[in-house]
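Presented sequentially are two complexes of chain A, the first with chain B as partner and the second with chain C.
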Partner chain A sequence: MVRVKNRYIVVRIAPKNTSLSSLYVKEQVLAKCILNHVEKYYGVYGVGLLEHGFRVKYCNDRTKIAILRCSHHSYKFVTSILPLMTSVGDVPAKFNTIYTGATIMQCNKFIIKHQQNFLDRMVGQVVSAKERQEMIKRVIEFDTS
Partner chain B sequence: MEETKGFYDFCVPYNKDEKLLRAICNELVDLGYKTIAIEQVFDHSKKENVKRASDIFPEPINLKWLQDEFKNKLKILQRLTIIYMDVAVAHAMGNSMNLKKFNLVAGQPKTDAALTHCCTTFNGDLVTFDAQAGARLYVNRKAYQVAVKRGIFFEIKYSPLIVDTNFRKDIIKIAHNYFVRGKSKSIIISSGATNPFELRGPYDVANLSFIFGLSEDQGKCAIDRFCRQLFLRAESRRIGKTIMFVKSSGPIVFSDSSSSEHEEDEGMLNAEEKEDQEDVIKFPKSSDSEQESVDNDDEQPNKKKKLS
Partner chain C sequence: MNDYIYLDVELKLKEDSSAVLTPAYFQGSIERSLAEFFGEIGGQTELELLKFDCTQKRGILKVPKEFSSKTKAAITLIGRFQDIPCHFAIVKTSDKPLEL
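This part shows the complex of A and B:
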């Protein structure tokens, strides 16, 4: 059987102001922002291709990681404009593509691994035990969701 | 053979502000780059009344502090970009000693004649373009083919692309010119970023190459393998022909598979040396530094093959 092929793009949103601990971006805002940019660079044709099957599947405020779903034949429109984007909504930020997968399970696996790496690096820098607990909780919160 | 690791960013403009330079380097490490080149610019076209000094090119800036600081994280090279209008620069380059102190030498032509010269006889490694002035310079097919054959690489900088809309159009135009003339052979992509916010991760850059008309494979090579080739070429230009000793410190086991690989490896080395025929044959004193003591003869050829 032939199934509908998708591509899942995992991006990390890095705000210009690095001191920002969390970034409040709604999924609709992110989706609209990306569609606007695609329209800017590829015109109506690009948006037409992309809109079929495009969706923001997941967006985490704390870890600033989002998953975008695109159809298999139009994901290049998204990946090629992500480096050119300099703002989300009205926050100046840049996008960092960290993974592109074909199923959402693979993306989840990757994100968990990525977060664990991130924790390993960051935990040493946090001094108080309570803060550390909280941080581990909010970084790993992906597993439960 | 000097080791370098991917990914590469061969254009980080030098900045007097140490703090900013450090911030950029930190960001580069975070994004996963392993080898970068700090760029110095030298404008040859401005200096009409150059004093008859022996060396018109500047000395490389001392970056020891930076190299020490990022010792295990980043390999920091130095690069000189020469902006020029006429062919007279070739003579000055011929007898310059300072030029050899740079790891990479790039040419940035300002006129059509200079561009053709840059592709055909320029004794550098890289052809680059200024976003403002270079927009009207298009390489023609013949010069492009010659440049590819000589092993010269063409550079596309992506940070002006992010900052300004007008440059975006120009750079896409230049990039597609390469595609039209010769299927985008020998292209590398580098940042040219003046602040950390303009830097992008290596995979982003590879994806961005889609709008330059590069294929997926070419896009990835543009930040990884081609840069390694470029580095090797630059190194062979800088050092010229050298003698290399291979010492064994243990018993050598010859097996069939390893010996055949060894031959391949030697053939590659010879080809590399043939490229710089203009260079005078010389035996530098520093040949000791080139010496490689090989502990395990079986492993070494494999390693070399993988790296290059």
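This part shows the complex of A and C:
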């Protein structure tokens, strides 16, 4: 039995306006934006290869982290155009690939570790206890639907 | 040693009347097709038209070897030349230009 191999790409979306607390970007908008860029840089051939199996599995507005699923033979089309993308929907933003994994569980583990590191760095800077609680709640809020 | 491949390409138009055929238009249509099917990154190559015969609508192209399959695909998929239905036929391919 032949298994369908996938690759999961974890990207951090860094908006130009850093004060933005939430990205109001839907999963479909993000997927369409990436497919449009692949068409621009790799033509209809690239889109044809990528479309089979491409999906935005998870997109968190607050933490600005998304997981993209691609098939094993076409994930390089995505990873190579991500640095060239300058906006998502109407929001000017940069895309940083932070991890590429073969299973979504590995990506989850990585994101949790990544958030933990982020919390360790940030918690010390927040003065009031209430704000700190809020921030921890916001960052830890992570579910894979 | 020889990193290029030479293609003898013939353009076959449905009707001959209104088409303006120049070497630049001929090469342009192939380059446009490459950009459409393989995009800005995938479709970039050094494509050179060595010889062109307007009466026979036939030309000899020089492309890098590793890019020959993409070029052949793009040439085959062209369906229109200046809005006239057409097709391109690759008559012969060779490693050496003298063989064509």
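Assorted remarks:
By definition in this document, the second predicted complex is superposed on the first by the 141 of 145 C-alpha atoms of A that agree within 3 Å, B and C clash if a C-alpha of one lies under 4 Å from a C-alpha of the other, contacts with A are read in each partner's own complex, and residues count from 1 in each chain.
Assume contacts are C-beta pairs under 8 Å (C-beta built on N, C-alpha and C of every residue); 3 or more make two chains touch, one makes a residue touch a chain.
Computed from a prediction, not measured in an experiment: that's the story for all the values here.
The superposition on chain A brings chain B alongside chain C with room for both. By the document's definition of touching, of the two partners only chain B reaches A:Ile98; chain C does not. Of the two partner chains, chain B is the only one that A:Lys76 touches; chain C does not reach it. By the document's definition of touching, of the two partners only chain C reaches A:Tyr45; chain B does not. Chain A has more of its residues touched by B than by the other of chain B and chain C.
Of the two partner chains, chain B is the only one touched by A:Thr86; chain C is not.
Geometry note, superposition on chain A: angle between chain B and chain C about the Cα centre of chain A is 70 degrees, to the nearest 10. Of the two partner chains placed by the overlay, neither chain B nor chain C lies in contact with A:Tyr24. Minimum Cα-Cα distance between chain B and chain C in the superposed model: 6 Å.
Touching of chain A by both chain B and chain C, each in its own complex, is seen for residues 41, 80.
Partner chain A is touched in their complex by these residues of chain B: 31, 158, 161-162, 168, 197, 200-201, 203-205, 207-208, 210-211.
Interface residues of chain A, counted against chain B in their complex, comprise 16, 41, 76, 79-84, 86, 92, 94-98. Only residues 35-43 of chain C touch chain A when the two sit together in their complex.
Interface residues of chain A facing chain C in the complex, by the touch rule stated above, are 38-46, 80.
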